[in-house]
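Two complexes follow with chain A in common, the first pairing it with chain B and the second with chain C.
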Partner chain A sequence: MKSQSTIIIIDDQVQDEELLIVIKENYADVIVYNSSTEAIKNLSRHYGHRIIILLDLSFPTNQINGHQVLERIRESNTLIPVIIFSAVNENESGFSDLINNSAFGFLKRDASLKQILDMLQKAEFFLKTSIGGALEEWIKTHSEEELDRPYLVSVDGNNFTLKELLSEVRLQTEVGQSFSKSLSKLTIDLLARGRENLND
Partner chain B sequence: MAVKNKNLKFRIDVSAYRLLGRELITDRITALFELVKNAYDANANKVDVIFHSVNTNTGESKISITDDGLGMTLDDLRNKWMVIGTSDKRRSRVSPPPYNRKVVGKKGVGRFAVDKLGSKLLLKTTQKGSDKLICLETDWSYYAELEEKQLKIDFERNPDQEQFFTDIENRYWVEASDVETQGTSLEISLISECWTETDLKRASTELAKLISPNHASKFPLKIFLQSNEFEVYRKKEIVSLGIQYSTIEASLNFNFKTGKQEILRAENGELTKVLVDKRACGYIKLHIYYFNASAKAKFKKAFPSESIDGIKVYRDGLIATPFAEHAVSQNEQKDLLGIDKRRWSYFFDRVGTRDLLGWVEISDELNPEIVDATNRQNFVDNEAWRELRVFVIEQLRQIEGCIIQRRDTQKEQVDSELKGAGDDLSTIRKELNRLGKLAPEKMRKTLGVLEKKVAKTQASVNKGLKDKINLETEKKQQESLMFSLISLQTFSSTLAHITRTIIGRIKRTSEFFRDRFPDTQYNDVFKRGAHKIFFEMERLSGAVDFMLKYAKSDSSIEPVDVKITLENLFNNIHDYSFKQENIQTELIVKKELILNYNQTAFEDIIENLIDNSVKALVCNRETRRIKCECNIENDKLIILFSDNGCGIKEADKFRIFDVFYTTTADEGGAGMGLFIIKTRMEAFQGSIELVESIFKPSGATFKLSFSFKK
Partner chain C sequence: MINTLLAYDDQDSELGAFFESCGKEVIDFIDNLKEEDWNTVDLNSKSLNSLNVELQTGNFKNNFVFASFSFCFACSAGVDLGPDLIAKGTLGFIGYSDEVWVVPIYPAFSSCAVAGLFSFYDGATIKQAFEFGKNKYLIEVDILYKIDFVAAANLSEIRDSLVFLGDGDLSIKEFDN
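Up next is the complex of A and B:
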């Protein structure tokens, strides 16, 4: 069965027909951006889905480079796994900012199809199991109507709908972080009391 | 909830005295500087810096700084001295006439320097025509005590009743004074550190640097240092150091009317001056002295307490604050101009701060954008300051060029003298031989011995000469190897990038083949894949061939087919990057041309030009073009190499061929390219110059000329 995650490839020179074929065999939706600038413009519209990004580092000099793309993504979203797919030497100084901007993984340009698929699978597993991912999944089970209704009132008196809450979580704001924290505390508490089934 | 508008105001904690004094002014000699600067701004003719019993810290220890400047009224004291960051000096940038000194204290915090020297200050000041001497006492230790008290945890304390910096009252009183006298004296007691004779020596050396020796003034400021403990400093006038014994000296000026700035050019071992347009840093005056090893020795002997310690910036004749920061040892001295930071200093005959003494003269009026950073440790990093650094380094490079040229001439001279000596010896030997035949028996024997000795000496001289030449050739080869390695480095990282990409494509295509074949739905994919593998393999082969050429010896001269070489570079090797950057190329080689040259060197030259053009084209958003045209003119191959990129600024025209000069550091330029080209061309009696761009108004065109002769 195909995975429901969307794979977004940002690469100016994907000439790999075979790579696209195997990814499409495994994932329902594959989107390719040949220009990094174009990608940045449109990326936010995919944030509502579960997405994994495969990112090249070198782009023509009139476009922004991969490091900057990652930086821009991280400005608004800290949850999406971004895999670097590049021929740039990993020891080069730029690599440190990949760590700072928490790239999910690094694939060398001469990686095999299998290595690429394995890495995508790992990223998907991460998406499904991380608190952020689980939370996102849970929030998405609500109806549109529920999403627009005030759901939570924060300490300083602000109202949040589920939609707003999701955006707070994604942006890792103070409210988003504290909400995630409380949620995991609650989970542990529930589990400790023997209520394994969280849907109860 | 309705919120009513209310106002809050800033208050200043008592600890501010530390921020402004002890922590802003990092060492005590800088503190002295600040106080002497205040005297300068007050039109003083003379400042006495008196150290009283400071060798050991006793109740008697005092430092006083007394000037004969304009002095202050009680109002001045209240509204200027006691106001932090007072704007008075910023409003009028010139001290009262007839002195018209450019005021140097601008931040209005110099007076807090006192705290660095000692915790108690007694200020006495009077103006001409006044019979009042106003005295003010400030006790910084009281501020410290209060700070200490406030830091203690006290649950009873009421923050609203706490005293702030500005709440503390300083006592003042009035004494009688002579109507004729004027000036201000600062007496600092409860000194914070002892001063040894070495410390005073340092203070004296550093204070000497305060004023530029090249700035002529009708009203100079004299500084005297006095001490009751050390004989040398009974009353010593501080004079700016005299420059003697330098190996090379140069002075640069500018012409305000024509908007031109002088810069240095090294030609045949001499420095000449060329006029160029004003640089972004504004007009600069520069006095620079270079000392070689023997000159340095002489200098040290003549001025034991002075040191050759680099180039400093003076603003309106007075040392600029960042340079006024005193460092205990030369090793810790900051290299604000970046003179010693230049790489490979041993390799390219670099001069360093310890070989140089220099005064860069700027002024508030002509270089307004060069501003001290608030921490006083550096200048604000802006275009003007960066350009000033470039300007200084550029001049140093010319001095370096001059030194190399002189040494080369000297080397030639030595070579020819050695050769002459060898020839002379040969003549003497022949003469001895002839004499031997004529001389009587007894003498013949002695002459024979002499002749043998001469022969031996001649042999050693010849051998010495040969060794020397061999050694030089070897050194040249090493240098040339170094250059190839540097370009090889950039080249190999690009190559690795391309290779890895190609390998990846081949690998995945064949992997797909392995796992899926046969499968009719993918028949077309398989076929395209096979083609792709073949095509990528061809590209790899080409890259390997090119790489291998670097392994070949570097010095052989061989027939170079210009057409084939250029076509290979344009259509194969760089095709990839041209496509990636959307660059249109145009290569015009009318017929087949054979040049007797070195293949690698020729490729290197064109490679570097292509590289530069690609970088220069980054800024071009329209159609990007590179054009390379070959022609024959009087036994010479002329290549015109052009791009329609950002072009070369008028100001840069003279320095683009300098090593490590780069304007494209952001694109990875190391400033090697044009330098490599120039050395490579010159090694084969060729030349390169910048001519009018064929794509004007933008772009750049280089004219390369190669000789067809061997």
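Up next is the complex of A and C:
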């Protein structure tokens, strides 16, 4: 069965047709952006879904480079796993820049198909165990009627259904970030008070 | 004589039912105490206006702000309203310092909201009532997270925003006129 995660490849020269075929065999939705500038313009449209990004570092000089793409992504979203997929041999400062912007992993352009699929699987596991992933799994246990009625309510006149809440978390809006923080705080609180163990 | 002025917006489009539920819990609690010399004024959206407040609190020995204890279950009342009330002579205040998000399908949200007040009515000092309220949240969080961790996370946030202001050593006997 194909994974429901969306793979977004940002690469000006996706040369390996075999790689694309294999990824499409394993993932329901694969989107390729050959222009980094075009990718940045459109990426936020996908933030409401479970996505993994494969990012090249080198782009033509009239486009922004991979470091800048990663930085732009991180300005608006800290949850999406971005895997660097490049032939560029990074120097120390370039490498540390990628780490500072929380690149999920690094793949050399000549990595085997197995290494690439393994890395995508790790990213998918990360997504499933992240707050957004955990929330999605829990939300799936509700009926459509439950999902569509107001769930969280504030006196400021705001309310969110569970579906909207998941979207807020994935889009990393102010509410989404605040809610993610609340869930992390609860997790730490339950662990600190011995209500839950990491092995449970 | 213990006078309680209960004011809430049961017509609030989002949380009216929650406020009404809190109000009902308070009235039921006081009724069950069967204290003959306790007086409760219940003002909901329809009756909550300055003229009515003046009429209904006319027999209160003191101005209802001066020398009173205020307990609020609305958002962020601990930021401006609480300090303002204390500055105007309220002796003690318990409320929330942040925006409060409620999951209305769970009664725990209203039972936690009024727990500190009930503890105060039972004779606890303001500080003890505040601690009792915080502990009630903790108990409910530990029950709720197993069935709904999203609601539990919000309940836990509400707990963290609970504050008290004023003299924490006062108890209800100091307010018995």
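Note that the second predicted complex is superposed on the first by the 134 of 200 C-alpha atoms of A that agree within 3 Å, B and C clash if a C-alpha of one lies under 4 Å from a C-alpha of the other, contacts with A are read in each partner's own complex, and residues count from 1 in each chain.
Keep this in mind: a residue touches a chain if its C-beta (ideal position, glycine included) is under 8 Å from a C-beta of that chain, and two chains touch if they have at least 3 such contacts.
If you're wondering where the values come from, they're calculated on a predicted model, not measured in any experiment.
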Touching partner for A:Y33 - first (chain B), second (chain C), both, neither: neither
Which of chain B and chain C A:F104 touches, first, second, both or neither: neither
Chain B versus chain C as contact partner of A:K114, first or second or both or neither: first
Touching partner for A:L19 - first (chain B), second (chain C), both, neither: first
Shared chain A contacts, counted only where both chain B and chain C touch the same residue: none
Of chain C, residues touching chain A in the complex: 12-15, 18, 74-75, 99-105, 141-142, 145, 149-150, 152-154, 156-157, 160
Touch list for chain A against partner chain B, complex: 12-13, 15-19, 21-22, 58, 60-62, 87-89, 108-114, 116
Interfacial residue positions of chain A with respect to chain C in the complex: 135, 138, 150-159, 162, 165, 179, 182-183, 185-186, 189-190, 195
Residue ranges of chain B in contact with chain A within the complex: 493, 496-498, 500-501, 503-505, 507-509, 511-512, 515, 522, 525, 528-529, 532, 580-582, 618, 621, 667
